[in-house]
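First chain A sits with chain B, and in the next complex the same chain sits with chain C.
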Partner chain A sequence: MPGFWRRNRHWLTPALFLAPGLILFSLVILAASVETVWISLHEWDGIGAKTWVGLANYAELADDPQFYVSLKNNVIWLLIFMLAPPIGLALALIVNQQIGGMRILKSLFFVPLVLATVTVGVVFGWVYDPTYGLLQLIFGLFGGTAPALLSDENFATFAVAAAALWPQIAFCMVLFLAGLNNLNEDLIGAGRVDGARGWRMLRHVVLPQLSQVGFIAIAVTVIGALRSFDMVAVMTTGGPYGSSTVLAYQMYEESIFSYRFGYGAAIATVLFVIMISFIAWYLHGLIKAERSNA
Partner chain B sequence: MAITATTLSTTRRRFLQGTGAALAASASGGLCLPALAQGQEITIISNLSNAGQPDILHRLATEYEAKSGAKITINNMDHEAHKTAIRSYLVVGAPDICFWFSGNRMKAFVNKGLFDDISDLFARENYKNVLGATTSAVTVGDKQYGLPMGGLLWGLFYRKDVFAEHNWTPPKTWTDFLAFGEAAKSASMIPMSMGTKELWPAGGWFDHMNLRINGLDKHIALMDGKVQYTDPMLTPVFDKWRDLIKAGFFSPNHSSFGWEQAGAALAQKKAAMMDLGGFVRSAFPEADIPQLAYAPFPEVIPGVARYEDFSVNSIHVPANAKNKQGARDFLAYFYRPENLGAFLAAEGAIPPRNDCPPSKDPLVNAAVEELKKVVGTSQYYDRDTDPDMAQEGMTGLQEFMVKPERRDQILERLEKTRKRIFG
Partner chain C sequence: MYPRPIPEDAKIQRALYVGGVTLVVALWLLPLLAVMLTSIRSNEELMAGNYWGWPQKFSLIENYTAVFEQTAMLRFFLNSLLITIPSVIGVLILSTLTGFVLSRYPFRGSNLIFALFVGGNFLPAQVMMIPVRDLMVRLGLYDTIYALIVFHIAFQTGFATLFMRNFIAALPGELFQAARAEGASPAQILRHVVVPLVRPALAALAILTFTFIWNDYFWAIVLTQSDAVKPVTAGLNNLRGEWTSAWNIVSAATIFVALPPVVMFFLMQKHFISGLTMGAVKG
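And now, the complex of A and B:
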């Protein structure tokens, strides 16, 4: 036995370390994805027998106005979420100063990351409440009436995405703070010697060193925007009349409320295709970064 | 699907006989508990949203534990969240007893084989004698799949003190109703409190308009998918509803909050009336409950007989339950007239058994009296039609309440859904 181990450990050790992750990944992610695609080719109520319908679910999807509403809302989410990396960077630069009391400020900015997203959604739901909410109190100070953001089809998606942006900014800030702590002191010192200050220091010495972190922040934000679901479920349940649904929520609604698992799976598959292209871009970037570091 | 119209109206009649002949026979009071329950575990998932009922359920469970030696675990869920959760827990991780709704919503799970046939319990405890035709609300193909719980009569609720202060009387005709709305508005009140975030209140309003304009048979035909959503019979319903919306009858921004907040507006005298069931009381502080009163939805077309939404909740044993025998034994205890009566009194619901003690609650008694004048009943939009259709339908009705000018697009979309579901 020890002989066997010695002869084979060069490949056994990594294989054993990888095994739990690989098994979990193939079971929970790969197998589930393949099954989802398979289900999307059937009509299925989630309990009884499946009926093969081929691409009929996709044909119906192409003709479903709700699908385009969800798709459009996902794009809005994506655009709003793109604010998170720059704002997070700005906050990180501010709270990274060596000033008294900054630690408290830093932890305050960190708070939304500690909260569950559902909590954030419920709290923002109260803030937006047109009768009793904080927003109405603020508008009331100026003698105005707050718009009912969550019940207006034009505002609902923006209001929900803005609420979701709050923890996302905190997340980006933490990423950038970590990056700022890893800055190469030599380079900064060299920059100082060459007379770089303020904006020039930031632009030419600090930011280039943060490009790796920035890439991760953007990629994670994109994926976060696409998989948005919990905030929509908590704040508007897709309403008013489906105007704030996103693909993930529509998938849930079709499967769970309408018992149309085949149709829900078809939406999931479309979302998967959109996401996989971003994930491929992310992985490509990661691998490239690893190669250049090596 | 055709069970609703005929069977439920008989349900109502039996309900009336029941509450009328209260206390007639408490024959089942002396049943012995089976000794089998020793060391058993029974899990219950409930969906009780008012304060009193979980306490009574806990009390009954504790009493039963002491008598039988079984161990009972109760998980009470948020009422709305439970509607979603039940779909998964019936398949994976079913409790031994769960709460749900009778009629078509029960039937959807029965057809999927998720509720246990408890006809044996019905036979053992002789429930058909005390329930009479109410049995039909939990019957599919001659078999019983649940026990009917409290009945909820839907209508307009208001505060007596507010009406007395303004010298108002509940509107009886459509003209009265329109005039009442104007009076409420000039008193700076919302005429009809409504919160449509959870969609169903819009479905209920549609029910009541349609029942008053087209009557029960046509309404049920629509619920069963036999009438198109673009049918001209619905034109006056949406015309009149649009008039109310345009006149500002309903709470502004109603899609941003649910019925609890709308009920609170009624309790706080910010709104004059509200279309709901007796459970509106849970939005009222204890001291204000005596002020709460019921009025039927006004007549819209003179001469149309009075039909109402009357929904019957129910309690079930899931097909995947682990302890089906224990569940039956506990249900038999829970369903004793004195226990069931106490449990339903806390909700303000009308008891289904004819041997429950008479209610001390004037609202329940008023509902019983009102039921006697009702010619026939449906349950509720999302209880009467297919769940898939209900989801699309209530979303469309909510959209109509916000954007009445989109009526044609909405109805065409609903018709497309109806065609897909019912063919």
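And now, the complex of A and C:
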């Protein structure tokens, strides 16, 4: 036995090192995600036996108006979130100066990023409070009355997504600042010699160098928009009348509150498919970028 | 540098610039400042409708004491620590091991395994919710802190593996060749070469995963239900439902929840930022 160990330890030890993380991750994360697809083909209350129903859950989903509301809201989230990369870039450009005091200001910009989404939800619940909130205060200055955003079917999703934008902008800002620190000084210098400045410099010299960071910022933002759950759960619980649900929230509601785990799994599977196609595109882009760098 | 740096001798311009940016920061953080201000206001003032004027009386101590004495926030806070700290330690250990193997012992399929770690980490939580919840129920871990610890270790290992693999791959290869030439076993290389060199990466990873896990809300409500195990995020949302009109108490509790990650961030800012950008940029 010791002989066997010595002969094989060059691969046995690495295998043993890899095993705990790999097994745990495969079991809890990967296998669970695949199992969801399997569960979506059943009717299940979460406790009893599963009944095979084939694609019935998907057929029902195709006729479920709530599903289209969620889908539409996810698109709204996505569109609003697309503001995060440009605003993040703008803020990064503003603070990218080496002046005393700038460092602490920079850190203060990052604060929303470390707050829990629940905290952001509570904070913005307060901002949107129709009687005493910050928004009402601002409207009041102009003699107006703020709309009760969170209890208005037409505005709820926009209000929640706008609140979620806050930490997302900070995230993009961090990424772009890192990108700005890695700019090629020679190119900038050459641009200056050629008389490029301001907007033209940004467009023709700076942005091309930020393309990889920009790609990552957009990808992270898309994923963030598709993942949105916490803010909806905290700020509106999908209301009023289910008008602000997103796929992630509808899935949770169908499973945990209505005990329709099969149906919830079907929604999760749809989310899974959307996400997988996006992740594949993202990884593909990253690998391509890595190859072109090498 | 872009934008063009403001020259050092343009003192007035510099001061004006900093002043302008300070104004932008103040606007940026206005919602949070509002909550902070509310958290030190007294009940009477809120009743009288003074939400935005300067407080006549500071109730900082009263409000925060009320949070500790009249709500279960202290319990939730402790739960969060009991969940977060072991999870972070678990993630650091597992990902050092996986990152080490995936960066230094390539084998057939090692790239595929790496891609699975990376890809799985981007999946939305809802995709694995039902089976994970079911698994925890069957293991008898549902509604215990262990359910959250096990899940968080598993999930964060995805991101952490990406992080550690990239960091270890960037270490000078000669170190590893020299160690191997001297006949060091993988375990010895891990102990004497890798562990001493990855400390900065571990610091960055620790602060990042701490923030991620501390701030988790979804798994907190999916895997726990009793107050005895609930972390602060779930606790805060319950509190908000119970204390609907006591905005000063809710605000104080909100600040209390936000404090640990914010303090950690300011203490270890460099690690946090480098971790976040390395994780994303070097993807």
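By our rule, the second predicted complex is superposed on the first by the 266 of 294 C-alpha atoms of A that agree within 3 Å, B and C clash if a C-alpha of one lies under 4 Å from a C-alpha of the other, contacts with A are read in each partner's own complex, and residues count from 1 in each chain.
Rule of thumb we're sticking to: contacts are C-beta pairs under 8 Å (C-beta built on N, C-alpha and C of every residue); 3 or more make two chains touch, one makes a residue touch a chain.
All figures in this text were calculated on a predicted structure; none of them were measured in a lab.
By the touch criterion defined above, A:P85 lies against neither chain B nor chain C after alignment on the C-alpha atoms of chain A. Looking at the shared chain after the overlay, A:G224 reaches neither chain B nor chain C. Using the contact criterion defined above for the overlaid structures, shared-chain residue A:P240 touches chain B, although it does not reach chain C. Using the contact criterion defined above for the overlaid structures, shared-chain residue A:G46 touches chain B and also reaches chain C.
Applying the stated contact rule after C-alpha superposition, one finds that A:I256 touches each of chain B and chain C.
In the superposition on chain A, A:G101 makes contact with chain C only, while chain B stays out of contact range. Touch counts on chain A: comparing chain C and chain B, the chain ahead is C. Applying the stated contact rule after C-alpha superposition, one finds that A:P65 touches chain B and leaves chain C untouched. In the superposition on chain A, the residues of chain A contacting both chain B and chain C are 46, 256. Interface of chain C with chain A (complex): residues 1-6, 14, 17-18, 21-22, 24-25, 28-32, 34-35, 38, 49, 51-52, 94-95, 97-98, 100-102, 105, 107, 113, 115-120, 122-132, 134-135, 150-151, 153-155, 157-158, 161, 185-187, 190, 211, 214-218, 221-222, 232-234, 236-237, 240, 247, 250-251, 254, 257-258, 261-262, 264-266, 269, 272-273, 276-277, 280-281, 283. Residues of chain B touching chain A in their complex: 84, 87-88, 91, 112-114, 196-199, 252-257, 261, 387-388, 391-392, 395-396, 398-399, 402-403, 413.
Chain A contributes residues 9-11, 13-15, 17-18, 20-22, 24-33, 35-36, 39, 46, 91, 93-102, 105, 107-112, 114-119, 121-127, 132, 134, 137, 166, 171, 174-175, 178-180, 183, 185, 188, 192, 197, 201-202, 205-206, 212-213, 216, 220, 223, 226-227, 229-230, 233-234, 247-248, 251-252, 255-256, 261, 264-265, 267-269, 271-272, 275, 279, 282-283, 286 to its touches with chain C in the complex. The touching residues of chain A, when paired with chain B in their complex, are 45-48, 65, 128-131, 148-151, 153, 236-237, 239-242, 253, 256-260.
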